[in-house]
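First subunit A sits with subunit B, and in the next complex the same chain sits with subunit C.
== the complex of A and B ==
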């Protein structure tokens, strides 16, 4: 994964939050996934990527941040036990992943339907043979991260860099 | 105007429903995937369909192909995260009248609807 790919995810996160939530986000310094997170992940939206690039995108929040973000997104304070809460998190990670993959010029990438994990202090284990980067963000609702793990598929070796 | 919203995300359907309501469109039916939409579309007879691409069971592109193959003539706007040019062309070839990439501003959805309906009226 090159620096440009990280930029794609920063840009797509900014675009989704700005357009759909009217909420500014400030990216921090990206780091390797093995770095100890600065907060406890309670809510994660996960999307798989296949095609010329194989990997996973994870959007993780502490619960308080997730509630604030989803209130801005949907206009209501959704109880985390409601299916609507997971649905909204899934749609957010879907839009962030989709907007990022659109920036991968010359590569054909498909994304899966999103999955959502709820539970205090959980960790999503990324695929072991992919480069994994954590991009921290801050927004008025609090801190969150976008984790991206990806590698070029065997069939795509020789095409443009991911 | 009767509008059918086809998206697996209830959140997205609610967002679209609220935008449409603000523009005075309240006669709305919802479907959570292509199969669900196919089972409802004849009875509801919408004038406009907003269709997501990536959905379980039956995706939006398959729905559009099936709807057009069955003689469905109403306007379709694909509302999706799929932004690549090849996907847009694929959707237009399948019978989509217009295309809107998520994330979108509310005004842009209404603009797309207006231009799609105006084009259909002029044709």
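== the complex of A and C ==
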């Protein structure tokens, strides 16, 4: 994973938060280690990438930050037990990944459905054959991270049988 | 998601457990609701699908079952804090999804990198625009579930720019 790939995710997170949430975000220093000491992941949205780049994008928040971010996104304080809460987190990781994907010029990248993980203090681990970069962000609702695990595809995307 | 798609995942789980772990598995009744009452998810492997089918596959275990399953898979009782533990869970969900993907005849399906979630009693929620089916399984190490969320792709997989 080259440095340019990481800038795609910083730019797309910035773009989604600015345009969809009217919320400024400040990125911190990206780190090669997919654990940020003392960072509490209570709510994570994950989405798979396939094509010329194969990987996973993870958007993780402490619960209070997730509620604040979703309030800015939807205009409502959504109860975390509501399906609307997971839908909104899934939509956020979908928009960030979709906007980043559009920046991979000359590469074909597809994204999967998102899934959302709820559970106090969970960890989302990446497998060791992928390069993993974690980007910390700060916004008025608190701190959050975007984790990107990627490896080069072994072969091109299969073509549909005629 | 039609009933045949579900049989692909039942068959692939059976195939991977029989051939790679020498462990028989008994599938229970698949359910349209992605929560199994009283089921404890402590360890989950997730992997995205893209192409003609867009979705997410989730393999979830209580911790004791995950340890027993991975012992049968690797021959060792791996400490859950070791990267080998996540790698082995990731490899299992990768093999199950890969074997299921091979059964989608005439459809092009690609799978992403896996990610692994660790955390006692976490929930992996699917977004509401996807059809979600959960398949409970029983094996000598305990109970586990395979969850499949899928929706038809809105457009075909993009082709690489020349």
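The criterion applied here is as follows: the second predicted complex is superposed on the first by the 150 of 162 C-alpha atoms of A that agree within 3 Å, B and C clash if a C-alpha of one lies under 4 Å from a C-alpha of the other, contacts with A are read in each partner's own complex, and residues count from 1 in each chain.
Criterion: a contact is a pair of C-beta atoms (placed from the backbone, for glycine too) under 8 Å apart; a residue touches a chain by one contact, two chains touch by 3 or more.
Keep in mind that what you see is a predicted model, and the values were worked out from it rather than measured.
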First, second, both or neither for A:19, with subunit B first and subunit C second: first
Which superposed partner A:127 touches (first subunit B, second subunit C, both, neither): second
Which superposed partner A:73 touches (first subunit B, second subunit C, both, neither): first
Which of subunit B and subunit C A:98 touches, first, second, both or neither: first
Partner chain in contact with A:119 - subunit B first, subunit C second, else both or neither: second
Touching partner for A:90 - first (subunit B), second (subunit C), both, neither: both
Touching partner for A:32 - first (subunit B), second (subunit C), both, neither: neither
Contacts of A:3 with subunit B and subunit C, given as first, second, both or neither: neither
Larger contact residue set on subunit A - subunit B or subunit C: C
Residues on subunit A lying within both footprints (that of subunit B and that of subunit C): 83, 87, 90-91, 108, 111, 113
Subunit A-facing residues of subunit C, complex: 44, 46-52, 54-56, 58, 83, 86-87, 90-91, 105-130, 149-151, 156-161
In the complex, subunit A residues that touch subunit B: 15-16, 19-20, 73-75, 83-84, 87-88, 90-91, 94-95, 97-99, 101-102, 108, 111, 113
Subunit A partner contacts - residues on subunit B that touch it in the complex: 8-12, 14-15, 18, 54-56, 80-84, 86, 101-105
